[in-house]
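Here the structure comes first, spelled out in structure tokens, and everything after it is commentary.
Going in written order, the chains are labelled A, B, C and D, and every chain counts its residues from 1.
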Amino acid sequence: TAIPVLDHGFVRVVDYMGDDAAICQAARVSYGKGTKSVQNDEGLIRYLMRHWHSTPFEMCEIKLHVKLPVFVARQWIRHRTANVNEYSARYSILDREFYIPAPEHLAAQSVVNNQGRGDTLSGEDAAKVLEILKADSSRAYDHYAELISEEEGSVGLARELARMNLPANIYTQWYWKVDLHNLLHFLRLRADAHAQYEIRVYADAICNVVADWVPFAFKAFEDYRMGAVSMSVQM
Amino acid sequence: TAIPVLDHGFVRVVDYMGDDAAICQAARVSYGKGTKSVQNDEGLIRYLMRHWHSTPFEMCEIKLHVKLPVFVARQWIRHRTANVNEYSARYSILDREFYIPAPEHLAAQSVVNNQGRGDTLSGEDAAKVLEILKADSSRAYDHYAELISEEEGSVGLARELARMNLPANIYTQWYWKVDLHNLLHFLRLRADAHAQYEIRVYADAICNVVADWVPFAFKAFEDYRMGAVSMSVQM
Amino acid sequence: TAIPVLDHGFVRVVDYMGDDAAICQAARVSYGKGTKSVQNDEGLIRYLMRHWHSTPFEMCEIKLHVKLPVFVARQWIRHRTANVNEYSARYSILDREFYIPAPEHLAAQSVVNNQGRGDTLSGEDAAKVLEILKADSSRAYDHYAELISEEEGSVGLARELARMNLPANIYTQWYWKVDLHNLLHFLRLRADAHAQYEIRVYADAICNVVADWVPFAFKAFEDYRMGAVSMSVQM
Amino acid sequence: TAIPVLDHGFVRVVDYMGDDAAICQAARVSYGKGTKSVQNDEGLIRYLMRHWHSTPFEMCEIKLHVKLPVFVARQWIRHRTANVNEYSARYSILDREFYIPAPEHLAAQSVVNNQGRGDTLSGEDAAKVLEILKADSSRAYDHYAELISEEEGSVGLARELARMNLPANIYTQWYWKVDLHNLLHFLRLRADAHAQYEIRVYADAICNVVADWVPFAFKAFEDYRMGAVSMSVQM
């Protein structure tokens, strides 16, 4: 059961290991017989989060199958503490699937924040933008298909070369596996208001997955991490 | 069901995620519809191992509970690509458990290889060594217990300080979680003939676990990695 | 002094730390007074390489400034053991610079190896391909410029959105810092015959840099690593 | 010029790469021509720190030579994002140097915080503790020397085995290389009031080094990171 994101993308949980109890189990290895007050699981998890005892959160692992536009993938892959297997455009043929924003997500360059969006475009302007994006994607894919065609009389260009003509809104996919500590770090940066909308919707979808999977850890994360960033931003 | 190692140690599988099929599943993400010859799982895994396509092996994860002497733990922890939670000797009281080698594993300093063992000690020499190790461990623990005692009239030294008196053959324990690629790298270095006997027996125990868990991957590892090292050593 | 690579790219050394002597200095920390035979630097480095004692090689660090096409950057960034700062297309405007292959590097899809190139295209076919690549790049950039234009009456689309229309042969740039051990691992995979030509030329340029910087280490790498891969491939 | 720490330890800067200007230089790669307001270096560094733009801080690297007791080394090595070469007690003979705390740093187990120290011991209690530590260290080293002795008639035990008898207050040494971002993370956790005194003094010494090396970055770290932790602790 994949969670749909954007127009053709999705996030799908392939497998996971551990849960809130596994975080506590690992943390309690440290305390051995020395533990005097047996803390309940939620209290312990909140304590660990508050004090940056991050290693017990690394004891949970999740593997996702994600379909996403290339320009989103380029931001995502910057998070190095994960394991990744991506669709190979050297080996395989990419599908004709491009991200075309919904009109209400087309925004002007922000004037206050150089790295971001400002007001939503007017209907007319949006239409103009969408027309360009659609026409260019379509033409680029036609040319890609033509270049790699194996039919008699075709050029038969190597796939690894032909793909260079495809724009960054084409979709790719990958398996992405990460531990909970580093996933929360990813979510802190990418579910944040400063992140680009197109990666934020993936982060938001994953937030829901995580809230279901490890409810105590996610609640502690919301209380101590998400809040903490905005605080320092206002400083 | 813990696998006993050395005199008081063990390795126990707490949890794992993925198997041989998961390696192939991830590798096949790359190939998409482009795959012409559908390779069988074993063939694909051998191909990946041979060509150092290591990322699909990262898609499997295992979590072990290990009890081991501190001097072994010091070697083990040098492998950074793992997640660890160790028993805290700041917080908790260590048990009176020390590694005392079996007489047949007491060896003289190697004369050919500075970093290693030579011939086994004679019975008399072995007895002398064991006597020292036992007496010193025992005395050190008595002193540790005395220093941290909470009884009336005791010094009541902080645990984090008292432990500094304990020798490196005392046992500690931890949860250790790692992906299969990096676990195999660990095994390559630590199940090797050059590794110290006391860590090698742990590596050997884990080799058996891995051979059961992901038989194709383990076989490929034995054929292409274990062999490859000794080959270059002879060069 | 930047080393030119491809039509608009380059590799430039910004800074580095350590050299062959630094590898030996770190390795000798381990040996302390126990070293009996004082090995010369080259012998020691060859010994370390042969036995996979990789940590002393991590003691050298290099920082490069690289300009490269996006589809090459996508392969390169998969190497996680590096530090990276990339030009931001959310914040800044990309230049009108696209990689257009030299005709002799336009090749057909390999028929024996799905992930690679076969024969070079004929002159006529090459001309056709180049025409498409040039026209599409040019049109895509015109549209990009139009979309982000800040002139009166323009749409003024946010940069982070407009860039999605740009094809993967546009150039980006980054600072890339890495330790020598992981750089050699990168070179082993990317200066290899199986790597795509367009990343291989960067790897080759860096090989020259490394051979100048740490000649003993590079020689040992060539002898024990580069050779070792092709050997196992033939198995 | 080594900075003395504890009774026999030290921290010594071997080499470094980059400075405050290098952080800014890397950060500015992102902004390209798009930068409208040219921020001064200090302002930019504070901005990056506040917003967790951590990658530019990874562009600075430092290599330290550290001599430290084994129980401190065991805490330190848990920081995985560093490069390490440690003195080998398999290969070499450890020196007769043990950490013996100054009397004023001998404290009772804390009653409020299980993982920590409480009041300083009385003069009499301190004397008793020191006597035990000194006698046990001394005896352990005598036995170690006896076990590994190469004299005629000695046991000649392998070094890798004999060291297991040595207590955790013996000194070891290593080369430790790390980037500035991860060094600051280390300092945040280890220069903190909750860290054990014996590692905190090393962290404090390194804080001074960093304040000299990258004054703007260190100031920003003090303002936005050190403060931030204590804040959440009080929550």
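Structural remarks
By our rule, a contact is a pair of C-beta atoms (placed from the backbone, for glycine too) under 8 Å apart; a residue touches a chain by one contact, two chains touch by 3 or more.
A quick note: this is a predicted structure, and the numbers were derived from the prediction, not measured.
By the document's definition of touch, common neighbours of chain A and chain D comprise B, C. Comparing the chain pairs A-B and A-C, the larger number of C-beta pairs in contact belongs to A-C.
Centroids built from CA atoms put chain B at 35 Å from chain A. Work out the mean CA point of chain A and of chain C, and you get 25 Å between them. Those residues of chain A in touch with two or more other chains are numbered 31, 34-35, 84, 88, 91, 114, 159.
For chain B in complex with chain D, the touching residues are 69-71, 73-74, 77-78, 80-81, 84, 88, 90-91, 99, 101, 106-110, 114-118, 121, 125, 128-129, 132-133, 136-137, 139-140, 143, 146-148, 150, 155-161, 163-169, 196. Remark: chain A residues 14-18, 22, 25-27, 29-35, 55-56, 58-59, 61, 63, 65, 83-88, 91-93, 159, 173-175, 177, 179 touch chain B in the complex.
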